[in-house]
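Here come two complexes built around chain A, the first alongside chain B, the second alongside chain C.
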Partner chain A sequence: MTEAWINELRNIVGPRNVITGSDSLAWESDGFSLVRGQGIAIVLPLDTSETVRVMQLLAKEGVPLVPRGAGTGLTGGASPVQGGVTVGTARMRRIFGIDPIERTAHVQAGVVNSDLSLAAKPHGLFYAPDPSSQAACTLGGNVANNSGGPHCFMHGATTRHVRGLKLVDAQGEILDLLTSHADPAGLDLVGLISGSEGMFGVVTEINFRLEVLPEEIQTIIAVFSSLDAACDCVSEAIAAHIEASAIEILDKLTITAVEDSVFAAGYPRGAEAVLLVEAEGGALEVQETIDLVLQLAKKHEAIETRRASDGAERARLWAGRKGAFGAMGRVAPDLYVADVVAPRTRLREIVHLAVEIAAERNLRLGNVFHAGDGNLHPNIAYDRRDEDEVRRVLEAGRLIMEACIERGGSLTGEHGVGLEKMTHMCDLFDDDDLSVMHRVRDALDPKRRMNPTKVLPLRACREVRNAGLPLSPMASPEGKL
Partner chain B sequence: MSPAECALRLSQASGCALGETRGLTCLEPRDHAQLAAVLKEARQQSSPLLPIGSGSQLAWCRPDAFKTPGFTPIPISLIQLSGIIEQIPGEGTITAQAGTAWSDLISAVAPSGERLPADLPAAESSTLGGVLGSGRSGPDRMKYGPLRHHVLGMQVMLSDGTLAKSGGRQVKNVTGFDLHRLYTGSRGTLAIILEASLRLVAEPQREWSFSLPVADCAKGLVKALEVKQAMPRLTWLVLTRAESRVLLRGGLAGCASQVGADQEQVMAALGGSAEAFDLEATRQRRDATEAGSENLFAWDIQGSLRQCSTLLGDLEAQLPASTDLWVDCSAGRILVGVDGNEPVRVRPSWAESITEQAALVRPLRVSSDLHADHFPSDPSTWTTRLTQGLDPAGILSSSASSPDRQS
Partner chain C sequence: MNSPATGARRLPLDYDLTLDCIHCGLCLNSCPTYRESGRESEGPRGRIHLMRALGEGRLEPDTDCVQALDSCLVCRNCETVCPAGVQFGALMESARNQLPAPGLVPRFLRWLGFRVVLPNRRVLALLAGVVRLAQTLHLPRLMAPLLGSRGATLASMPVFPPADQRRSLPSISPSTSESLETVTMLEGCIQRQLFGTVNRATAQTLNALGADVLTPADHACCGALHAHNGDLEEARQLAQETIQAFEAIDGSAPLPIVVNSAGCGAHMSEYPRLFADDPDWLARANAFSERVTDFSKFVAQPDRARRLQAQFKAGPERKLAWDDPCHLCHGQEISAEPRNLLDLIPAAKRVELASSQSCCGSAGIHALLHPEESNALLDAKIEEFQASGAELLVTANPGCQMHWQAGFQRANLKVQTQHLAETIADSLGRESPGGSPTSSPTKS
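Moving on, here comes the complex of A and B:
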């Protein structure tokens, strides 16, 4: 039976583009490697019409499916934990066109994030959302996760850049929302689909808004002798309505890891914290913003401030920041990348708590985060072979998340809920809130075949809480569910 | 039964007070319990409801434009549910109840040097819920993007009485589905908005604006595209045709020294004489915003900027010179006026002729005949599926389809 429809899939996309058996190992998990799942096959359609045929066949056979971009997601969203078929966008790499008048780009979902800015550059334009994984992650994955990045402080996360899209739903029907208009009337389905983590269909094409390349960019670092001081400096800058394009903080463990790695950026070793700020726009406004940051850094007793002298130095500073997760590989073989949101007036308090929670459990914590947006990444280096360490890591992750929520923050700022935080949805929402999300999902995918067991807990919150182990899916280091 | 009688019956059965908005009898719940009671009665009596704020945007669905009383939605105003819930200086956000006046929000954020992310006409008579429900944005969307991008979270009540929230109050947050984006612009057809959180923007240090007479709209749009190309930091840019006079108007806002330098560049790009530039920037902006009030127009045309250039040429050729036009040069949106305040009953020949070229041509002041044309649904059945999923009894969503046609 199964072999028959797999053969049909091969007829649609070509035999080389259906992957089964031992070749499918790389598709068993995403960047959240604690959880793995084995699907029946991976299928790689070339475009919307192949996707329609694939999805219609899977609908007929009643097979669950998982959309997948590059698999860099950090919450298990692209792991086929319920088996079924993974529909990947690896062959959807076309940039159909850049329109300099409308300042838009029409692309296929499998285009890699950084390739879009490269293609837009000759037109004097760029694509603003810049996740640190931008050299690998796909634009379709960015839309599905509503991904952020350092420069989203000024430009906003992915959803603010999606003008339109084309999606193939669970039944294999096309939803064509590739409108030419900037602010269409009617229901904002594009807004609903952005950030829906692959649960409404496979996005195959997107029309993105592009930005004009700025006249002037300035980048500075301010070095602090305490993480608290760096956090306070940011909170005050936000209260002063600073118009920077990115405001990032790296702590000591992260700085050391970066400086020891191929991403070495010239961050001062031994510093407790580095604040990395960039401003872009007209020369005068950029100068004013940078002057304000320098003034605030001085007020908060920065021990050194430095301005990137040229484009090459700026690129190095950013390569260091964006390579920070990778560089942490030097500290331990595995990295638990937490992603939580703190109120921006309480940055110091929550970062401090995260440090304490990790120290109490004898864990190695590196903080590198989008401070301007209050989006924290307390990253814990660990070794998955050490069962007790895994337990402590998960416990610390949960406590940090709960501390944020208790203080008015949120579960996730950019990585999404996926599998990792699914049961924690009950910390933020009640059964009624979640039931409405389920109703929307059921309206669009009544058989719940799209990316099953992700994002929305299937049981009532009381039962989820009574189960006691909110992170049970990944509690086993082998990742068995 | 007349709509007023229906409203009275619902009021008596639910204990909810009646009020009057713009000549219409409406229900005015004072709290969530009363709202839930009205919804319960409405379900029992199969009586459709139309959630409104102060009723300033009712032209798309005036209950008195419906011919069949049984299908006429009864307005339910959220005006009594008002007040600011949270505004912490330094967070850059505000959360308020749906009935809060837009102007009250403006006053609340001003002391901390902040502004709402949309400059809207009729701020005094608009409520937060009404603004979001009708999906409005101001001309400053050129700088800040559409208002819906700044809605961080919401609490709503569904027609079955379920109270539900989505999103949150933080500037960055991707927890759960962004249902608040779906409710924004849904005109109350999916759920009743009870409260919402918005991201704020910094009050600019300085504003500057210009108002340049141009020969006609088509030429004005060419100029607009030139100036947009020359100055990427424009905050707003609109073309207005009123009393047969066409003006290209726009402005800058932000850091004082930058605005000072940028205005020279804009003037050079426009090639106009210095007298054409009015230094009373705030008044100019307000005036241009008010001039774009949807209530003053009868038709809404949307398309890409390229489509707009062609469309404007065609419209000018077909419409009398006295017809008012308002063009948002960042969104590709053209508003067309017609004389009088009467509902539009037929699609004029010019509207038929440009339908092919535009993404959308819809009446703003709707009669029942054109009602369904106002609320565009997507090509697949997603809109229907969502309305059925969230409002299976059709209490709220009936106003989006034409009840007269159903009957």
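Moving on, here comes the complex of A and C:
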């Protein structure tokens, strides 16, 4: 039976683009390597029409599936734990066109984030959301997770840049919302689909808003002798309504890892914290912003402040920041990248708490975060072969998340819910809220074949809470579920 | 810890190297085979994941898995972008050492090439002579249709130059200006037979800046191709022979070893890792690898570059493009030096290619084993080259030079391909100017 529809898939996309052999192990997890799963096949369609035929076939056969971009997500959202089929967009790499007058771009979902800015540059434009994985992650994946990035402090996360899109739903029907207009007519279905983590279908094409390359960009780093001082400096800058485009903090362990890597950026080794601030816009306003940062850095006793002297140095500073997750591979074989949101006035308190929680459990914690947005990434280095360490890591992750929610924060800033945080949805919503979400999901995918077992807990919150740690059964070294 | 889930045999590859990868995926888009196929199993992260599973005994090295690893170009572009510092080249070599070669024909060709031809200077020279004769008689073109898909490879095979260009350099090539230093130089295996003009241009350049150049009389091959394809036993043997050959021609002090082939240079500077378990040879390999220096890096040193620049002759302006050999820019982190040197040449107008640091598809013997995939990579680059308006392609590795030549020929383009040393020697007034042999052998 299975063999028959697999062959049919091969007819649709070509035999090389259906993977069923031992090499399919390469897709067993995404950037969240604790969760792994093996489905029946991986399918790589080339465009919308192939995707339609694939999805119609899978609907006919009742096969569950997970959409996947480059598999750089950090919550297990693109892992094939549901079995079935992985529908990947990695071959959909066409940029159909850039309209320099409308300042929009029409792209396929598998276009790599940084490739869009590269293509827009000759027109004096760029695509603003810049997740750290932007050199590899796909724009379709960005839409699914409503991805952020350092510069989303000023420009907002992905949804604010999606003008229109084309979705192939679970039944293989095209929902064509591919407009380039700013305001949707009728219900805002584009808004609904953005950030839906693959629950409504596969997004195959997107129309994005592009931004004008700023006249002036300035980047400064301020070095602090404590993480507290750096956090306080940011909290005060926020209170002073700072108009920066990005505000980032890196701590000592992260700085060391980055400086040891190919992305060595010139962050001073040994410093307890580095604050990286960028301002863009007209020369005068940029100067005002930078002056404000310098003044606050001085007030909070920064040891050193430095301005990037040219574009090359600025690029180095950012490459270092964006390579920070990967650089932590120098510390241990695996990395747990937490993604939580804290009220921006309480940065110091939450960061403190994260440090304490990790220390109590004898874990190596590196902090690198979008301080301006209050979006924290406590990164815990570990070895997944050590079962007890895995347990401690997940426990620490959970406690940090709960602490943020208690203080009015949120459980995800930009990585999505995926599998990792599914049960924690109950910390933020009650059964009534979740049932509304389920009803929306059922309207678009009544059989719940799209990325099932993720995002929305299937059981009532009371049961979910009693079930304990969601990930412990999946965290065996073999990744067996 | 790390108990295998299935009963598969754990492959004794360099398992610890796989643990450096934390699966962030930043490498994906740097990988030519991933970009081309969209298959994560053919991207660096996926391949490391498969190797780790092999090392844990979670995976059998069956055809699908072996093919995913075998399709790797080992261009090491992923190393340049890897924040975690995964030593991908070393890892792939150790994995390939443990894997069965897929199919009988490739296995036979590898045995013939690696164990019979390359390690033996005389066999290689004899073979080059025979191929040259056959090419003069147009035999490959006549035979190609009989061989089906492999025939295309035969027809686009590089043309071997006449015998006088295949002869070795003299054991000493004296400096042509005031003698300031003495260096040794690697002639290589393929380089010597196919691109003797490159070796002569290299020696001429070194001579011009005041260096006496010594070459070992009976050295065959450094073993780079062997290592990249996992034949680590033969690679070790050839590394020992190479170290001995160069130690033998040293004077009272060890001399620099100038290498004009990027693949050889990258490999020779990493000899120590072949001898991790052999303290005596490890010490010799360490001393040896420290002396290895790429031609461009050696010449671009400011004093030498200045001496060279003073001798450059003016000529008609030529628009040229530099294509980084992967094992120069990714393997040895050398990318500024060749550009700086080309920019010193008065007649050269250099254009930058956006894809210059992405593999041309030559990749050792990859172009022979996977001609279609390999040509697809090159065709995209040729398109960019054409759009740039350049008329000369400069690179610094025999495999790349061969592959570009064949590509230009396939596309019916009258474009020259040169090694950096040839471009430099031309502006010094090389005696027999012109690129490497793109012309028909009957005319020479």
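In the analysis below, the second predicted complex is superposed on the first by the 474 of 481 C-alpha atoms of A that agree within 3 Å, B and C clash if a C-alpha of one lies under 4 Å from a C-alpha of the other, contacts with A are read in each partner's own complex, and residues count from 1 in each chain.
Quick note on the criterion: contacts are C-beta pairs under 8 Å (C-beta built on N, C-alpha and C of every residue); 3 or more make two chains touch, one makes a residue touch a chain.
Everything numeric in this text was worked out from a predicted model, so none of it was measured.
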item: Partner chain in contact with A:Glu288 - chain B first, chain C second, else both or neither; value: first
item: Which of chain B and chain C A:Arg16 touches, first, second, both or neither; value: second
item: Which superposed partner A:Ala128 touches (first chain B, second chain C, both, neither); value: neither
item: Which of chain B and chain C A:Val162 touches, first, second, both or neither; value: neither
item: Chain A residues touched by each partner, larger count belonging to chain B or chain C; value: B
item: Touched partner set for A:Ser261, first chain B, second chain C, both or neither; value: second
item: Touched partner set for A:Leu44, first chain B, second chain C, both or neither; value: second
item: First (chain B), second (chain C), both or neither touched by A:Leu25; value: second
item: Intersection of chain A interface sets (partners chain B, chain C); value: none
item: Complex interface listing, chain B residues touching chain A; value: 88-92, 113-114, 135, 137, 141, 145-146, 148-149, 158, 162-166, 168-179, 181-182, 184-186, 190, 202-203, 225, 232-233, 254-255, 257-258, 260-262, 300, 302-307, 330-333, 359-360, 362, 375-380, 382-383, 385-386, 388-390
item: List of chain C residues in touch with chain A within their complex; value: 1-5, 19-30, 34-35, 37-41, 43, 45-47, 49-50, 53, 58-60, 62-65, 67-68, 79-86
item: Contacting residues of chain A [partner chain B, same complex]; value: 101-102, 145-146, 148, 152, 156-157, 159-160, 169, 173-177, 179-189, 191-192, 194-196, 199, 212, 235, 238-239, 241, 243, 281-282, 284-285, 288-289, 341, 343-345, 370, 373-375, 408-417, 421, 425, 428-429, 432-437, 439-444, 455-456
item: Sites on chain A touched by chain C in the complex; value: 16-17, 19, 21-29, 31, 33, 44, 70-72, 88, 90-91, 93, 110, 112, 114-115, 133, 135-137, 257-258, 260-263, 323-330, 333-335, 383, 385-386, 477-478, 480
